[in-house]
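Each of the next two complexes has subunit A plus one more chain, namely subunit B in the first and subunit C in the second.
== the complex of A and B ==
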């Protein structure tokens, strides 16, 4: 899967491979320590944040809380 | 505002489906999604929280472009939670592009099937709101149909990834089998050569013993 920053593709791939392994072999088996991919994540993150800035994409918009807040649009109440 | 809901059962355990959900893209069944970027990820109290930026290509008919602009790459924010002990995965997506006129809130939940925990139930809901453009009702219908259509593609996409994962597991067990077989072969070889050496040794030992006895006998003779 591609990244929004062309320069980040390879970093994303390395991180994704690490994450997928961690998710199935560690996290789903109850080992929640996520330090395994931390350094790959950091490098990839720095790249993505730079790419988002270059493309005028607002990181805060993406991070705006969606789960469990009143900001999300609720379906209308049934009368 | 239009609300669309749907349910689907995957004949796979929740763990497989949750693993596949992270590997859903790139996918030939849904080529519109061209990128996913993690912008935040952390584990809090055993729950994995992730925020992603999802990029997709939308092809609008010409007349719609005149109304809502011709942007081709659309962005969405996706927030998710995975709780492995409760076997629960929830993903919420909201569009970031066209926010002034269109709001699409989509929620996907993957949980074990209530009547068969070896299967996984996907509950999907989308709330579509169009405002500030002509024919809002019509536009909402078009978007809702598009979501419904995409949901079918999404399920196919998931099945595609699950098959891929299962094949990888098979490959892995096949190579494990090969390793075991080779190890067994090496052991057999080792045993054969060890046995051979032991035979050699005992044969040589016997020979030496015979020689010694022979010498002894000879010696005895010479003593005479």
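== the complex of A and C ==
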């Protein structure tokens, strides 16, 4: 899958490959230390953040966290 | 506002589904999804908390361009993976144009209580619109479309899982327990308005084919 920024495709691929390995071999086996892909993530993030600015996205709206907060929508009460 | 709910069983363990989740795109049912990026990620109290941004093509008719004048639509997806409780929760919303139509979707993937080698997927969606004179029609259309395509969305994920784990069976069953809570009595929405709403809805939801 491509990145939002054409310049970030390769960085994204490298990070995703590292993450998928970490997720399968470490995280799902109870090892939560996530330093394994940290440097790849940092480089990739620098690229993506720049690309997002160029796309003129509403970054405040992007930053909003809703899942697990009081703002999360709830299914209607079953009657 | 319209609310949609259904549940599905995947013939794959929760661990398999959780790994497949990150490799869901591309798949043959998601050709309109153009990009996918992780924009924040951390481990907190043993849980993996991630935010991603997805973009998709915005193929809308001329008339709709007065509401949405852009080439792409962006989607924000938050997720929490809890490996101890074998639960993955995702929460997805469209970025911008929420007054035209907002589609918020929550999906919970949990290990089946009856059979640990299966995963129960519960999907909830809230469809809303604030377009004067069209909101009922847009919501009604969005609801019908979501209901119709629920299986298609699952199909894309299942395709990815089949490729990752080729020796397992395909999808087990789909049960539709649509809890239809309609705040707007949208029954009488005109067919014309529905047909106009279709492209807007299609352009705002990433998982539709």
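In this section, the second predicted complex is superposed on the first by the 71 of 79 C-alpha atoms of A that agree within 3 Å, B and C clash if a C-alpha of one lies under 4 Å from a C-alpha of the other, contacts with A are read in each partner's own complex, and residues count from 1 in each chain.
FYI, contacts are C-beta pairs under 8 Å (C-beta built on N, C-alpha and C of every residue); 3 or more make two chains touch, one makes a residue touch a chain.
Being a predicted model, the structure only gives us computed values, none of them experimental.
Student: Looking at the overlay, what does A:41 touch: subunit B (first), subunit C (second), both, or neither?
Tutor: both
Student: Looking at the overlay, what does A:20 touch: subunit B (first), subunit C (second), both, or neither?
Tutor: both
Student: Common interface residues of subunit A with subunit B and subunit C?
Tutor: 1-4, 8, 12, 15, 19-20, 23-24, 27-28, 30, 32, 34, 41, 44-45, 48-49, 52, 57, 61-62, 64-67, 72-73, 75-76
Student: Show me the residue ranges of subunit B that touch subunit A in the complex, using the header's touch definition.
Tutor: Residues of subunit B touching subunit A: 1, 3, 15, 18-19, 22-23, 25-26, 34-43, 46, 48, 51-53, 55, 75, 77, 79, 81-82, 84-85, 90, 92-94, 96, 103, 105, 127, 129.
Student: In the complex of these two chains, what residues of subunit C are touching subunit A?
Tutor: On the subunit C side, the touching residues are 3, 5, 15, 18-19, 22-23, 25-26, 33-39, 41-43, 46, 48, 51, 53, 55, 74, 76, 78-81, 83, 89-91, 93, 95-96, 104, 106, 124, 126, 179, 181.
Student: Please give the residue numbers of subunit A that touch subunit C in the complex, ascending.
Tutor: So the residues of subunit A in touch with subunit C come to 1-4, 8, 12, 15-16, 19-20, 23-24, 27-28, 30, 32, 34, 41, 44-45, 48-49, 52, 57-58, 61-62, 64-68, 72-73, 75-76, 78.
Student: Going by the contact rule at the top, pick out the subunit A residues touching subunit B in the complex.
Tutor: Where subunit A meets subunit B, its residues are 1-4, 8, 12, 15, 19-20, 23-24, 27-28, 30, 32-34, 41, 44-45, 48-49, 52, 57, 59, 61-67, 72-73, 75-76.
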